[in-house]
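Each of the next two complexes has chain A plus one other chain: chain B in the first, chain C in the second.
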Partner chain A sequence: MRMANTISRRVFAFLILTLFLISPTVAGNLRGTGDLGLIVERAAGSIQIIETTNNTSLGRIKGLGDLSHASAVFSRDARFAFIFGRDGGLTKVDLLTRKIVKRVIQGGNSIGGAISDDGRMVAVSNYSPGGVKIFRTDTLEMIADIPATYGQVIKKGTTTITISGQSKTVGLVDAPGKKFVFSLYNAGEIWVADCSKCLEGVKPKITKFKNVGKLPYDGLITGDGRTYIAGLFGEDGMVKLDLWQDKLKAERILDGYGKGEKKLPVYKMPHLEGWALAGNRFFLPAIGHHELLVMDAGSFKQIGSFPVYGQPVFAMARPDGRQIWVNFAHPRNDTVQVIDTHTMKLLKEFKPGKAVLHMEFTPRGEQVWISVRDADRIDIYDTKTLKLVKSLPAQKPSGIFFAARAMRTGL
Partner chain B sequence: MRMANTISRRVFAFLILTLFLISPTVAGNLRGTGDLGLIVERAAGSIQIIETTNNTSLGRIKGLGDLSHASAVFSRDARFAFIFGRDGGLTKVDLLTRKIVKRVIQGGNSIGGAISDDGRMVAVSNYSPGGVKIFRTDTLEMIADIPATYGQVIKKGTTTITISGQSKTVGLVDAPGKKFVFSLYNAGEIWVADCSKCLEGVKPKITKFKNVGKLPYDGLITGDGRTYIAGLFGEDGMVKLDLWQDKLKAERILDGYGKGEKKLPVYKMPHLEGWALAGNRFFLPAIGHHELLVMDAGSFKQIGSFPVYGQPVFAMARPDGRQIWVNFAHPRNDTVQVIDTHTMKLLKEFKPGKAVLHMEFTPRGEQVWISVRDADRIDIYDTKTLKLVKSLPAQKPSGIFFAARAMRTGL
Partner chain C sequence: MSIYHTLQLHLLPPDRVKLAAAFIVFLFSSPLATAQEGASVLDAKRQNELVYLVRQDCGSCHGMTLKGGLGTPLLPPNVKDTPIEALVSIILDGVPDTPMPPWRGLLSETEAEWIARQLKKGLPE
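Our next item is the complex of A and B:
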């Protein structure tokens, strides 16, 4: 009887402890996820989970491997993030419990990924061994492997040269209709993978566009999911693919892009994600020049340019398109400029600190978060007053990604 | 000893029960909120909470009063909905716990509302007594009351006529910079309320535009938050306000709108929310005619029209702008048409049943939910295959609203 009593007391104590331990954790986690986001801390291999309603940090998740150049996409319920690390790691994290759900090393050297419009598939792009792999978002089980094998036969008189190999893949994006689009760096090709039936075990249907230009280094898809554009490292100009046409055809655009003037050394290739759509104009970073190019979004022709402080890396449009926020390559990476796209005037120039690496707007654009790596700091600005609202500490922060990206094509 | 043991057993049993009761509830609620939504069941005064990842119903919240013509906006974390009922009720519901958080009767007869870009203020538009009231989203405490008082003095020879009163307010939307824009039905005015400092106790700064046209009956703001457009019941044409201009000026557009042909009786005024932006063109319901008007989004001039099955009520663009889904006024409200905006062809026409009232796309457009009131049913379609994916039962469903609206301006 006494023993039974002691046992029951122990169980009792254990239960009370359990209740106390569980309740705050679970209650603390019971929250909306639409205002969540993450900050990549590249040196530490960790991410910080933040929220943008009260601008606070909620915690940190460690053990994500090599996060240099890491990026993230989000599940359609805005609860989970899929993080693409440089070491080929694909990590699914739970923003609510702030735990790693699963982590797989899917390649040797990865360079970004994308999530399908139905949220059921995540695709990863690899430098080594090249190619694209596609995984189920619920289990991270691989459902398709697309090696980027290419071959070319060149005949010169009586000589035949055969080139073949595995290409690095870059500029991977999602497109409406469960499609992924990406570029083959070494092959100069763009591939469209239709994954409508990948979840049923059917291989993706690949459409290949060859000889699109030399060394495509990055790509983007317009917010409406209609136009894929790749930048070319090996030549002037870019290449676009209008996915709405019945007969898809890769077309060259901006043929003078970067030509005609003595080039400056290029310190950092600009990110094509940083193409800013404002009304019917794109603002895009000029490569190696201290300017943004202004392009008509209908004709894809350059219609002007805007001088900026340094070589632009990201030119990000506030969601309404009224402002463009620009950061720059080393050695001018301590500065941010804000441009009014309507008056075409410089609104503000300021120096948050060394190594401004990334900027992310809240979905409705009232605030922007800026990572200042060497200051170990995130700065949050009000985009109406252009004033600093708050700073948060972060360990060598690079990319900032908000869960609202789940609602957008190509992000 | 025996008694102590009995008590401890009872406490023990109670604790176990508590654990079992709490755990599933809390654990069941621990989920992302980006894929949540609600369906208005107008006759029952209830809403159904649904999720769009697996297309299921999660539960029902009752006691929301008169929900005819009800609409909803969402908190920036996508956890809470604010529901505007016809009886002047403003109800805050928690989509996670599926409970009413707070309910206030803020007016006599309300007609929609909006949420500020920072998510901290919700505004409600009233027919009776007229005007707009603004509330804190956290507490539903009223922070600003804007009576829609208007006055007009007309002199005819030696006669002076003074007209004054309280106007019904309609077409209330949010605009970037903590602003709300709305129209005064009786006064023929558009007001812009700058609420930048309302939370600090400062009254909204009102800018009034008079004589914009007779009887504005509804309004919309373009997705970029730049242009406010009101429909005029009292005359042909519409009125627009370009919020990016330094000196704001209301301008007339589409002056022939509804003119020049023998009009059909208008069974239901179309909703301006249903203006579909596809590329650089708007598709909007013609009033009283069996067609959509096609308008250039740059010049706001009509450039064409598209014949449809009946008097269109909503013309909703899939988020990528490639398709327009149209429903119709009584007696043709059993039909839906789908138009391809690129080929300008009718893709599909089908009859879900009597009283198709509303349509809502998932944020990335892969599916659309359709309410079929008289069939007590919600139909979910795949927008790529145009096939029915699933149906869910609902009690006389009308409006469908997804939490992803939190991320968008003017929704």
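Our next item is the complex of A and C:
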């Protein structure tokens, strides 16, 4: 009896102690990821994990290789980020524990990636060897390899010349139905890869669109997953693919924009990822002209252009579409312009410092984070007052990616 | 069809062809008389700025480590067969029909030549 009493007392004490030890720890560490994000520190090969509720840095993860031009996508549960490095590294990091979960070197030289609509596959676009590789998000095991091989037969008089090769791939995005869409830079083609059975070991079904135009340099997909648009470097125009049609067809849009104007040199390729849809109008960076092209979102016809300070790199719409924030290529990359899409007026122009590389809005757009590479700084602005709220130190920051992207097609 | 295009059809890969074509363009253009001396004129501060420019800004296409990207790789083995003068010409005047822009106006001939020499021996960190 006495013995049993002691034991039960001990058990009780143990339970109390356990509760003390565990509960505060668990409760204290529980948090969501909706306000988390990451900042790429391109030269250091590290990322910072940040949160946007109090605008603080939570820590740094090192050892991600060459992160010049790195980008990230997020798992469906918004807990993990997949980071695509220039050196072909694909790294899965845990935003909560701030640790590398898995890292593979999947190619020699890569340029971004995408995550499937079901969150189970991540695709990486490669310059060398040119093509797209697809991995399971849980293990990073490769499940499909799509080399971007192309061939062209050119007849000239009596001679026939065949050009073939493996193209660099650009503008890789996810599309509904476990599909990935991308463009072949060297070949001038757009490919749609249907990966709906890739997880069962079936090869992706590829639909190819050839001769879409010269040097497609990037692509975007609209938030509804309906329209893929590739920008062309070699021509004044873009290509559109309406994925809702039964019979897919690549169509030229914005043909011959800026006609008659002298083309200006482009010291940094614009990105289409930050494509801006404001109300019923698209705003897209022009190539070789210091302007944004304004296009009707219904007809895809150009309805105007908006003059800006330099060669635009990103034209990012605030999530509500009311404002567009634009940054510029070298040597005008010290400036940001803010456009009001409702009044079509320039709201503000300011100079955060040399080499403004990227901008990312908080999920509802009340603030925007801006990376200023040469100042080793992140500036956070209030988008209503257009005033600087806070700055955070970062080593040569480039891309900023918030976990809220997990819920959006094409990001 | 220009000599440029003819070349492109017969030789691969295209990037290399464009380099060669740019060199040919150079051969028929005016010689860079002043480019030869010059290099010693740049002070250490400007040299550092140029290294930074090449790594960070040229790096947006050629890669920060110059291993290549949308643009060609620019490591010593990649440029060893391209004469200094051709590299200078490419830097200053760009390569037609490619995204390589002309840097004339942003860089002097002396600076372009200094960069070309650095690429040949390996750009400092």
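Quick notes
By our rule, the second predicted complex is superposed on the first by the 380 of 411 C-alpha atoms of A that agree within 3 Å, B and C clash if a C-alpha of one lies under 4 Å from a C-alpha of the other, contacts with A are read in each partner's own complex, and residues count from 1 in each chain.
Note that in this section contacts are C-beta pairs under 8 Å (C-beta built on N, C-alpha and C of every residue); 3 or more make two chains touch, one makes a residue touch a chain.
Please read all numbers here as calculations on a predicted model, not as lab measurements.
In the overlay built on the shared chain, the residue A:K168 is in contact with chain C alone; chain B does not reach it. In the superposition on chain A, A:L30 makes contact with chain B only, not with chain C.
When the two complexes are overlaid on their common chain A, residue A:S128 makes contact with chain C while staying clear of chain B. After overlaying the two complexes on the shared chain, residue contacts for A:Y217 are found with chain C alone; chain B is out of touch. Contact with chain C, but none with chain B, is seen for A:A43 once the two complexes are overlaid on the shared chain.
Within the superposed three-chain model, A:G234 lies in touch with chain C and out of touch with chain B [touch as defined at top]. Of the two partner chains placed by superposition, A:G353 touches none, neither chain B nor chain C.
Set against each other, chain B and chain C touch different numbers of residues in chain A, with B touching more.
Contact residues on chain B toward chain A in their complex (touch as defined above): 1, 4-5, 8-9, 11-12, 15-16, 18-19, 22-23, 26-27, 29-36, 51-53, 74-80, 95-97, 117-119, 176-178, 196, 224-226, 244, 279-280, 298, 319-322, 342, 362-366, 384, 403-404, 406-409.
Taken in their complex, chain C has these residues touching chain A: 9-10, 12-14, 56-57, 59-61, 63-65, 67-70, 94, 97-99, 101-102, 106. Those residues of chain A that touch chain C in the complex are listed here as 42-43, 66, 68-69, 86-87, 109, 111, 127-128, 154, 156, 161, 163, 165, 168, 170, 185-186, 215, 217, 233-234, 265-269, 330-331, 355, 373-374, 396.
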